[in-house]
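Have a look at this one.
Here the chain labels run A, B, C and D in written order, and each chain numbers its own residues starting at 1.
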Amino acid sequence: MSKILGILGSPHSYGGSGSLLRCALLAAQELGFETELVELYRERIEPCRGCVQDEEPTCKYPCIFEDYGREILFKLREADGYIVASPVYWYAPSGPLKILIDRMTALENMVAFGEPSYVEGKAVGVITVGADAGATLAGAYLLTVLNAMGAIIPPWAHAYSHRGKEALFDDRAVMDAINVGRLVAGLLLRVRGQNGPLTYLDDPDLRDRIRTAVLEEKRRWEAQYGSERLSLCGKSGA
Amino acid sequence: MSKILGILGSPHSYGGSGSLLRCALLAAQELGFETELVELYRERIEPCRGCVQDEEPTCKYPCIFEDYGREILFKLREADGYIVASPVYWYAPSGPLKILIDRMTALENMVAFGEPSYVEGKAVGVITVGADAGATLAGAYLLTVLNAMGAIIPPWAHAYSHRGKEALFDDRAVMDAINVGRLVAGLLLRVRGQNGPLTYLDDPDLRDRIRTAVLEEKRRWEAQYGSERLSLCGKSGA
Amino acid sequence: MSKILGILGSPHSYGGSGSLLRCALLAAQELGFETELVELYRERIEPCRGCVQDEEPTCKYPCIFEDYGREILFKLREADGYIVASPVYWYAPSGPLKILIDRMTALENMVAFGEPSYVEGKAVGVITVGADAGATLAGAYLLTVLNAMGAIIPPWAHAYSHRGKEALFDDRAVMDAINVGRLVAGLLLRVRGQNGPLTYLDDPDLRDRIRTAVLEEKRRWEAQYGSERLSLCGKSGA
Amino acid sequence: MSKILGILGSPHSYGGSGSLLRCALLAAQELGFETELVELYRERIEPCRGCVQDEEPTCKYPCIFEDYGREILFKLREADGYIVASPVYWYAPSGPLKILIDRMTALENMVAFGEPSYVEGKAVGVITVGADAGATLAGAYLLTVLNAMGAIIPPWAHAYSHRGKEALFDDRAVMDAINVGRLVAGLLLRVRGQNGPLTYLDDPDLRDRIRTAVLEEKRRWEAQYGSERLSLCGKSGA
């Protein structure tokens, strides 16, 4: 079965970026995809030490570090598509997400060993949420980097909101996030010769239905972990 | 027949960006696409005056200006894919290309009139050539904007060179540009349910063959117009 | 007397970016600076044809084109500081402003002739106004380019608003724009050994006083030219 | 005595970015400044958990995490200027540097507590080194963010090289890095009413003298720690 992986670069499981990411993943499920959500703040990821610059090529999959990052690289290799979501910290993805991107060099640099990049052909979309400015710069950065690793990008692949924690109540952002999920799934179906959507869908009923589902998930999560509980390294559940 | 449109934002028909763009278009032809190359410096394009901000939505296709820009918008609407090439002027596309992008609002803003964006589903790639820095920023900008208008993006959709006028002798850049052409074509074929390439091809023979073809075109062009001849507004031929 | 030049890349004299620019210039006047505002949409500016890439260095001040652009380059050379304001068109400055930046190569490239860049030491600030996203990317671009031409940048040199035509009613944006004017002026005074502000001032009275002054100017302008009147090439007054 | 702090976001003490940073710091010393170099890869820095978004403002100096990051924030508060250097990892600063930037919110967010940003008025410059593209995007990002925290920026504040580990042999990059150091120092002197340089100096003798000094430092360091030794978290010396 085909899988779309959600990557969350936020310390909050159900903050703005986490909530919109869940909307996108539900939309992908409705097109028949399995989804999984990985939260980067759950465990430490070692920073890339730049082996790609060594005289002899040594940077390759799997990366030398045997850590949470390696597990995620494994999932990135296996998945058919990714949706990457981050809060906007200083106009850019969060630090832990940047560390993961650096580590993804091990997937891309397989080209130095006569193989294709392990990101080649993955379909991707991105979601960025801030309380003010910088969402465009953060999203443009993610799309550009993923394409430079070999990913393919459906139409309207970037959803964003300026409303921070309230992003789930930003109607346009929710509709956009749902389309990110639909269109990543749709592009995957298409390139395999199957039917799949490649056009933006503006459907308030779908939007409200998916939003309600995410709100319910969020309430169950808060009932268990508390509303202030962060999914910080080793400190939270979910 | 399907068409891929090349948009050249350079004053030089066969400078670095122009030459790499021609490589990309030849590669698309080999996959059965018709191609056409539009040079923005050939005639004036009126700058966008921002009607999209009017109280009543007025910004729509065709744009109010009856000029060369309108002709290009027509071609952009008709084409199945675009490859946009520009010299890097201060880390960004050239001024005339920025003016065209602003004018493309008329294609995208059809969403305000209940239609899809006229850019939706076009497959796109970009080429940026500078003598120093800024090629990444310029290319990231173009990909991001085109995706935000609804375009789809194949893997490895950005080719660049730091070698300015000598870009045609930058082996990696030529191979990358050829792949931009191949993969824009390949993605179009795939989303229509046909076979088409979606992986990077490293083929020195293909690279040299296409480079030779572009060099020959360039020599014929220079024989007719002179090596210093610029394709400036109304001043040159080709 | 010292002069700070305002450069407006908008077709609207008193739209969002134009209004905030006028706030900034009034604030600079209160510190004893003469100001002048140049509207790029007033006349055509020829696009840069990239002479900087010629074998022999030929790109130098004054630029070969004898047009409105040349007049503006003269003013840019004479002024002590600039404040550059633009609407956000596709996450970037407007096309005419990009054309001016390309033409500014003639000021900067004096380094190829044994002179300093004619932009070196100018103090600069920027203002970007959009109706949605992209203000950060547009502002970051302008600051980066101006610094790479030799300009110095005071603290808090970028004011922006997401409120488009209503930017003059965005309290934070107005206060920020006033600070851009104050701090460009303040930095110029400081580097000359005089007293001048280098810290952000949050002063609602100053904000409201300057906003009122700009609103009055705007009303007088609209009484003369009409509220819909654009400052398009050759078509408007003020 | 006045201090300029060097921040190194590389795992290599004397790689390209580390070496150019040392050139910049030596140049600042020649203008009478004390300098200190902090290597981010030496110890773990906890990722920012985004307290700035809490209902009640809680993000303030000192940050809640009692770690290496807190020590660096202390140094950043005390210093008069910073020079921030990073290898280019996917067109951006390294992950650990991004984590530090996120943590610097604690310095800037003092504005929410009625104080000025603790970054306000610091003079800053940046250095980015890659083996290929992206140096401009990485440098533009750093300058923009630091200015948005309140820093002031001298002319020519970004030095970069595309030559990776060989950056110390990139003549223009070394001269640029020396100017970054000189001009950060010069701007600090000027805003205090003292004499200091604000113009680019092209001086091959100075360049070669400082390069030789850094090469000697590097050789001593390699004699002690080995040429392959990385300054990874807890694993290296110097």
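Convention: a residue touches a chain if its C-beta (ideal position, glycine included) is under 8 Å from a C-beta of that chain, and two chains touch if they have at least 3 such contacts.
Since the structure is predicted, the reported quantities are computational estimates derived from the model, not experimental observations.
A.B. asks: Shared touching chains for subunit B and subunit C?
C.D. replies: A chain counts here if it touches both subunit B and subunit C, which gives A, D.
A.B. asks: How would the subunit A/subunit B interface be labelled, same or different, where same requires over half of its residue numbers to be shared?
C.D. replies: same
A.B. asks: For the chain pairs B-D and A-D, which is connected through the larger number of C-beta pairs in contact?
C.D. replies: A-D
A.B. asks: Roughly how far is subunit B from subunit D, going centre to centre by Cα mean, in whole Å?
C.D. replies: About 38 Å, centre to centre.
A.B. asks: In whole angstrom, what separates the CA-based centres of subunit A and subunit B?
C.D. replies: About 29 Å separates the centre of subunit A from that of subunit B.
A.B. asks: Taking each chain's centre as the mean position of its Cα atoms, how many Å separate subunit A from subunit D?
C.D. replies: That pair's centroid distance is 30 Å.
A.B. asks: At least two partner chains per residue is the criterion; list those residues in subunit C.
C.D. replies: Correct list: 91, 136-137, 140-141, 144, 148.
A.B. asks: In their shared complex, at which residues does subunit D touch subunit B?
C.D. replies: Spelled out, the residues of subunit D in touch with subunit B are 91, 133-137, 140, 160, 162.
A.B. asks: What part of subunit D is in contact with subunit C in the complex they form?
C.D. replies: 111, 116-117, 120-121, 136, 139-141, 143-144, 147-148, 150-158, 187, 190-191, 193, 198-200
A.B. asks: Which subunit B residues qualify as touching subunit C in the complex?
C.D. replies: Residues 10-12, 15, 41, 44, 47-50, 53, 87, 89-96, 98-102, 104-105, 131, 137, 141, 144-145, 148, 164-165, 230, 232.
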